[in-house]
Every structure is written in structure tokens, then in C-alpha cells.
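Chains: A, B, C and D, in written order; residue numbering restarts at 1 for each.
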Amino acid sequence: MSSTAAPAHVVRATTTTRILGVLAVLVVAWMAFLAAGDNPATQTKIVELCVFVVVASMWNLLAGYTGLVSIGQQAFIGLGAYALIVFGNGYGQDVYFSILPAALIALVASIPIALLAFRLRGAYFAIGMWVIAEVVRLLVKQYKAAPIKGGSGTSLVVPTNLYPKAERFQTTALIALGLAVLAVTVIALLLRSRIGLSLQAVRDNEHGASGLGVNVYRERFIVFVIAAFFTGAAGAVWYVLKIRIQPDTAFGVSDWTAPIVVMVVLGGIGTIEGPIIGAALWYLVRDYVTSTGSAIQLSDEWYLILTGLLAMVVALFFQRGLWGALSGRFPSLQVFPIRRRLVVGDEVGDHRDRKRAT
Amino acid sequence: MNWIQAAISGVLLGGLYALYATGLSLSFGVMRLINLAHGDLAVMAAFLSSTLVLSFGGSPFWTILVLMPVGFGVGVLLQKVVFDRLVGVDPAFQIVATFGLSIVIQNALLKVYTADRRALDIGPLKTKAFKIAEVSIGLFPLLRFVVAVLVLVSLSLFLGRTSTGRAFRATSDDPEAARLMGINSRAIYMIASGIAVSTVFLAGIFSGAQTNFASSDGPGLLIFAFEAVIIGGLGSLWGTLAGGIALGLAQTLGAEQFTDWPAQLFGHVLFLIVLAVRPNGLFGRAEA
Amino acid sequence: MALLEIDAVDAFYGDFQALFGLTLAVDEGHAVAVIGANGAGKSTLLKAVAGSVPTRSGCVRFDGTNLADVLSHRRVAAGISLVPEGRRIFNSLSVEENLRVGAFCERPGPWTLPKVYENFPMLERLAKRSAAKLSGGEQQALAIGRALMNNPRLLLLDEVSLGLAPAIVKSLYAVLPNIRQEGTTVLIVEQDVNQALAASDMAYCLLEGKVSLSGRASELSRAAISAAYFGSEVHT
Amino acid sequence: MSTVIEVDGVTKRFGALLVIDELSFSLERGEALGVVGPNGAGKTTTLNMIAGDFSPTTGTIRFDGHDVTALPAHRRCRMGIGRTSQVPRPFEGLTVFENVLVGASFGGAHRGHGARDVAVDALRRTGMLARANVRAGELTLLERKRLELSRALSTDPEVLLLDEIAGGLTDGEVMDLIETIKGIHAAGVSIIWIEHIVHALLKVVDRMLAMDYGRKLIEGDPHGVMASDEVKNVYLGTEA
């Protein structure tokens, strides 16, 4: 190795990321304040938004960073949720402490699922995952004994008889917010790490990445398992709030993956910020257009038709999504400092160095 | 005897699945495009047929003559407006766009036809059956199977014997080389989508005459079509028929053995087994 | 008037500029050879004529018509046929079906299935066989036959000799006089210089996207070609 | 000198097509081997098999005496086989530095500051340090080729496989690149270099291998090989 002239160092955070980071912390603090309040309607919204932020971010981690486009992520929602039911109703465990083991069940289940589904590529992987989610749904439906009670579904009994309603909404909202912060932090740290570097490389050129020593299969596997864990946790949190569960909705593609896909693509696939923005926007807009008394009150059908059209338009004409378009125009714009800027004395950006080296 | 009975129903059901799968296999073969709204188009056809019957009377069968050309037109239109922009694009966007289309069709059907289930009335034909030994064979399922085979035969004649059919296969092999032969690949893609939608329209009408249907049935049908394609192996129409039959057999035989389990589960299980053991499908080419 | 005129054409593959202001002309009824080392821009030239590589500046005219806005499949209908590098045979079709696809535009002319078989007898024996199972030489014969089925006014041959044994190359080139006899103009791109020169009236040598030598094929000396081919720096 | 790469009786078929036919050659430690031959001779296929993109139909490939024939590309890269590809496809969403960091972190198995220093060193050796913070999608062809080279270097290769790295560059650019490659070679890296720009090859390589029809045509002293009748016949055809 030749001698190093000036010491090199890598700069991650910039002024923009610091400012936006402070803003993000403020938003989270404000949401925590609302979550700790006593308005069940607001707390419900926080839970819903946070759950979708988690699931959308994880779907984006798969689709946007590893090229694994799945329409079967509802499998892990349902697995997490039903694991919670089994721990709570079946074994009488405290629901809040059952969320983590429920998520672990989703993680364990994701391993054989990955081994099978990774045999398919592209759109075939997408639908193959869907079939797998269907199999899980049918199996759960078939289990007619307690605590699952088959297709007609069941209700989570533990929280309702253990905690007063106000306390349950408060706790669940705080947990959901914590989960969302954790999930996004994990994704940001992952993408900041060498694994993240390899994921972005795999996304851009799979073949080139393996030629530089990246084990593409292994990286994908790791991400798939992480996504299953958080998606399972999100499913469990959702049903702590909702209490009532049925296999057809817990494993429903139109309940979960459909809106998630729209959120991610709208916000900007392949960015950390995109799914969060997409999920938030989705909730704001849905709230506005479907609530009674708003200027344009839409029926569910019209709302979904417009959603579908929006997904089509974005996928056909606006593939970068909102955040993608923004950060394309302003490259320094990023909330999470995952980029690396190299500083080596005055050598970088100095063209004399180029001549010297050649 | 019950086993033979179940096997025969399975084979006959497989014809219907093959009919669902044909269009999917064709669009993937020619354009490498998967249309997630494929099943919803079948449901749409069943609803359109019921509307036509309610307005003009008669049997649903005559509506096939109207709706197959309409389906062709719908396919061409979809190709021009949507699919053309998706050929060669990152699969993520293909999935999102056609998923969006699926949501649009489902909810438009829900808006127009409500959530109620409907059925196409084909009169006494639905229950007619004849017996060979102890085995009863439904006349309508047999008819449906024969029609499916006829569609596959005519499609394979079209692909094998006509100039346009050869252009199809050439485009599927190598679109750029096909253009060097003077073939307009965009026109080929339009015909492919036209055929895909008109065959799935036919499948939807036949399916609606057998069992009732609702606006939300599309995704389930898409999965059957997809499974038939993967089980049979990509790349051949006869593989698709075989895949459809294998799927139908798995469902009826599985349900025969485990009476209180849902039949589609056994189809899914067969699909997963094929995936684990022979990912290129039972009849697929090795490099597919 | 020249059947094909290429006038100051620049062409790129992405960022990679393959042709630098290239100018050449092919007269009707002539056979013209374009030789040069790999990467000299020969194949790009043919692709620019066939329409599969866009030209960024300059002009390609066929029979006086500017081809700038003509899509590649329309150029085939107008009578330009390319035998592409690497043959690009349709593997899931039989030999005969490949030939029939060649006649997709149904341009009238002397070239028919029997006539192609007459010129390439081995194809007739293999008519029903899957094209994927042919040897390299047979595939190349099929690629040429397939292009002839279009009855082109201008036939573009890209690296016919590539990866083929000399005897086979010779047998393929033996058909060229028959093709020219029907009035077809031929533009040949070749690495096999002697073969190309023997088959043509005019020759252009390309080096790094520019014409480095041109003249009557019979009048170019081996030394001049060697210099124009490798650039001046090789001592041979 | 000891043998670092050994290609032993390798045959490769794609379907019915025979691309490599019983090819055997070896590369000594510290040596630079040039490979020439007409298009379709099987040069890139050979390189891809050494790098591990696919396995030969029959035959063995050894690296440092170990049989690597069945190992996947990422394993071979970590063992010390670096490569550049004919058409540079950088990770366009990453910066130049991050591109090289992928190689240093995975192929070179360096962590943290170690990876950073290896990446900086690779960029400096190829003259790309000044462009370190530019997104790879914005590079010119020459810069992409240099990035390709820096990425390969960052994996700490014992052997560097170069596939037409000079193709498509102007004369001046080629001269610059030759100096860079000479430097890498002088630092002890063994090189196999496929190139059509013969004068570039002649300035660097110690030995030349000419291929045709997937077989070895002739190998030996570079100038001798290029002046040989065999090579002239392949390029210019047999004299009538």
C-alpha cells in the first residue's frame, strides 16, 4: 500500500441532517405528548399511523433496497397478531410483554418462508409470498379450537379485563410510537452500516456487488428476517388496540399490503423518509376525505378507486415519489445521515491530485 | 369410487384454471409482465354478463360472443394506456401499477354491483350429469373443460401456424431481433393483451355460471392462475393445461381426503412443494 | 445516386461514443466492406442504419430519404435487412419458422423459401429442427437466409465469420454472388479482412469510430490495411 | 515464481454452443498476461469463469493451488480475485467513495477505518480521489473505467482480471490508464488483461495469450505473438 499523505476521515452528518434531525425529534416528542394524553381518538390515530410507518418502512427496506417486492407481508402481521392472541388468551400472559415474543415468532416463521420464496424472482417472488400468506391464513382459519377460534375470529381478553380503557389506549399509543421510532432507527443504522452499503450496491447492480465480495443471498436473508420481526411486532401492537381479530383481515392483502405499497411508492421507494411521509400523507388525506362533514366526503369505494388510480399514476409517471423527487432536486436533503462524504486534507475536489496520481 | 369421482372433477376443474392461466402465461411469456388485475378482469366479465342477461334476457352463453371481443378491446386499451409503460420497467412498479388497477376494478365493481354475490343462470344444464359405471360426470364441467381445451388448441394453432403467431414467438424470444424482421413489437404486445383479457373474460363467465361470484373474488382467481402457470412451468400452453389440471386434482383429491379443510389449501400446498422440489415447474424447461 | 449515405454521423452507447462524424456512401448494386478491429465502431454503424442505435448528429439517408424518424421495423419494410452480430436466431422456432418470420413484411422479390434452400442446402435438411439445436455455421446460414426472405434492397452483414471455421465461412461467402446477382446492395462488416475484401468492390477501414482508410477493395495493400487496422503503433 | 491461477482443461458449453474448448493456461505470481483474439474467441467467458460468474462445463480452475471451480463469485473475490467488467456498471446511487468502500468492506473484509483507508488508497492509485464524493451515476466513461479499477483494487486482489478496460477511451486517456495499470503491476499484483487495443497491452504485459474458437492459439513473448502468422491470420485472414 502506498503512503497516505493527509489523514482521511468520513463525514456523515451535515447541517441539513442536524436541523432536520432536531425537527424529527420534535415531531416525535409532540406525538409522545399526544400519546400520553387522554384522547382515545388521537391515540388510535397514533397507533394506526405508527403501525403503518413500521410496516411501510419494512416493506420499503425489502422492495427499495434489496429488490424483494413482496405482496405477502400480511403473513407476518397475522402471525404476530395471532401469536399475541395465543400468549394472551391461551397462556394468560400480559399482552404488552407478549409483543416481543410475538414478533420473534414472526421472525422464526420467516426463515423457512425465505428459503422457499427466495427460489422465485421478481413478480413471481411477489405472488409466491402472497400464496404463502394465504396458506398461513387458511391454516389459522382451520384451527377452530381456542384460543384461535378459526375463521370467525376472537377477541383479546387480557387487556380489557386487566387495564382500564384509558390506560390501555395510552400505553398502546406509546408502545406504537416507540416501535415506529425503533424500526426507523434500526433501518437508518442498518443502512448506515456496511450491510446497508451492500444493500444499496445490490439494489443498483446485483451482479457487480457479488463481484466485489458481497454475499447477495445472505444480505437479502438478513433483511427479510428483520422485516418479518418488525412487521410481526406491528401486527401485535395493532391488535392490542383493536382487540377483535379475524384471519381474513389480519392476513388480508387489501387491509395491509395494498395501502402499504401505495404509501411507499407515493412517498418515494428506496428512501428512508419516503414511507414515513407516504404513511403520514395517507392518513391525513384519508381522514380528510372520508370523515363526515368534510368538504369532499367520499364513500369507501370512491376513496379506494382514487387510491388505486393514484398508485397507477405514481408507478407509471412519478416513480421517484415525493421524497425521491425532492432529494433529487436538492441532493443534500436528508434526514438520516447515511451518506458518507470523504475528506482527505484538501485532496478531494482538488484536481491537481488527479494529475499527480496518473 | 369417490376417489375416481374426485379425480374426474379435479381434471375438469383444471380446464377452468388453465383458461384463467392462459392469459397470464401469455403476457408474461411475451412481455415479461405480470398483471395483478388479471383475476379482477374475470370477475368483471361475470358481472357484465349478468347485466347483459338481465337487460336482454336469454342464457349467459350468448354474452360470450359479445364479451370476448369486448375483452380483446379492453386488453388493447390497457396495453396502450398502462402496460406499454411497464414493459422492461423495474418489477416493483409493474406490481404497484397493476395492483392499483386491481383495486380500481374491485371497487368500481363494488360501487356498481354492491357487495352481494351473484350467479349466472344457465338453467338445467348446471345440474345435468351422466353416469359411467358409478361415476357421475357433470355436463357443464365437461363442456367447460372442452371449451378450455378448444381455446388452447386454437391458441396453439394461432401461435404455431400463422404469421402473426410466429411473430409473437419471435418477439418473445428476442424483441430486438424481431424488430429487425419488421415486426412491430408494440402491436404484438397489444394483441397479446387483447388475447389475455378475452380468454380471462371467457374464464370469468364460465366460472360465474358454476359458482356465484362477488366483486372481491379477483385476487383469489389470480392466485389460481398464477399457481397453474408455476406448477405447469413457464413457456408452454400445454404446460399451463397440465398445471391447471394438477391444481384442480390437488384441490379435489385433498378435499376428498380431508373433508373439513378448504380445497384451495391443497392447491397452495402443491404449489409450495413444486417450488421446493422443482422450481421450474413440473413441465418447465430447465433454464426457464 | 448512392443507395445509402451516411453523413457526419455521431453515435453513442450511453456515454460511450462509438462513431465520430463518420461519413461513407454505398452505391446501389455494390458490395462494400467495412473492416476494422473490435471496438472500431463497425457494428454500431450497421445498427445505426438498421435503427437499433440512435444517431445523435449527422444524417443517415436511404434511397434519398432521411431515416431519422423511421422506426427500425419500418426500415425493414422499406428494404433494409440486418444479419445481426451473434446471429440472434429465434431459438424456440424451427428453422423453417425462422425463415418465415424473415418474410414478415411480405416484400415481393426473388427470395422465397425454395430459393433460400437452394442456396443453403443444409437448411432444407434441417427445416423442421429447432433452431437452437443448429451448429454455429448453420445458425449463421439461417440468419442470412432469414434476412434474404425480406427481399431487401440493402443487406447488412455483421461479422458473418465470427467464431466459424474457415471452410464454413468460405461456403457462406460463396452465396454472396447469387445475392448480388438479384440486385441487392450489400454492406459487409468483418474482422476477417481477406474474406471481406475478396467479396466486395469498395472497402472502408474504421479505427476508433472514424474512417482510417478507404478505396477500391482490390487496390488496398496489406501494409496499408495493417497500419489502418491496428493504428500506427504496432510493429509487425 | 509460483502459479497463482491455473486454468486446467476447461470446456464451457452454452446449450449446444461450444464456447471454450479444452483451454489450459496458467498465470505466475507477479506476472501480467495479455489475452487477445477476435470477438467470440471466448476471452470474456474465460475471465468470467475465473471470477466465478459461472462454472465451466468440465475442467478445473485453481487459485493459489486451491480448487475454486465451484465457489461463488463473492467467495473468490474475498480470496483475492479482483475483476473489472467490460461495460462498467457502478452502483449509481452511491458516491465514488461508497462504491469503492463496498469492495474494501466485503471483498477486502476490512472494517471501519481500515476499510476507509483501503478505499482512499485505491482511489488515490487510480486518480479518482478528487471525485470521491461524486455520485457514480454522474461519471464520464473514463471515470467509470477508473472507478471499476479502483473497486477491484479495493478488494486487495492478488490477481486482477481486466476486461477491455481501455476500450472506448481516447488515445490520451489510454496512455493515462496504462501508467495506472503499470503502477498496480509494479506493486506486485498479478494481472490477466483482455484488450483489443494492442499497443496498450504491449506496454504492460509480460506474456501474451492469443485465443480463437475457445482454444489457445499461441502464447509467449508479446511482440512475438503479435507478429506471428497465427495471429495475423486470425485477424487479417489467411493470405490467398
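The criterion applied here is as follows: contacts are C-beta pairs under 8 Å (C-beta built on N, C-alpha and C of every residue); 3 or more make two chains touch, one makes a residue touch a chain.
As the structure is a computational prediction, the values presented were derived from the model and not from experiment.
Within the contact network of the assembly, the step distance from chain C to chain D comes to 1. Taken together, chain B and chain D share the touching chains A, C. Distance between Cα centroids is largest for the pairing of chain D with B. Centre-to-centre spacing of chain B and chain C amounts to 44 Å, using the average Cα coordinate of each chain.
Chain A and chain C have Cα centroids separated by 54 Å. Centre to centre, using the average C-alpha position, chain A and chain B are separated by 33 Å. Centre to centre, using the average C-alpha position, chain A and chain D are separated by 41 Å. Judged by the touch criterion defined above, the protein chains form a single closed ring in which each chain touches exactly two others.
The complete set of chain-chain contacts reads A-B, A-D, B-C, C-D.
Those residues of chain D lying in contact with chain C across their complex are 15-17, 38-41, 140-141, 144, 164, 167-168, 170, 196-199, 202, 213, 223, 226-227, 232, 235-240. In the complex of the two chains, the chain A residues touching chain D come out as 1-2, 4, 8-10, 194, 197-198, 200-201, 203-205, 207-216, 270, 331, 339-342, 344, 347-351, 353-355, 357-358.
In the complex of the two chains, the chain C residues touching chain D come out as 15-18, 37-39, 85-86, 132-136, 159, 162-163, 165-166, 191-195, 198, 208, 222, 225-226, 229-231, 233-236. Only residues 28, 33-34, 36, 82, 85-86, 90-97, 99-104, 106-108, 110-111, 216, 219, 222-223, 226-227, 230, 261-262, 264-265, 268-269, 271-272, 275-276, 279 of chain B touch chain A when the two sit together in their complex. The touching residues of chain B, when paired with chain C in their complex, are 163, 166-167, 169-170, 172-174, 176-185, 235.
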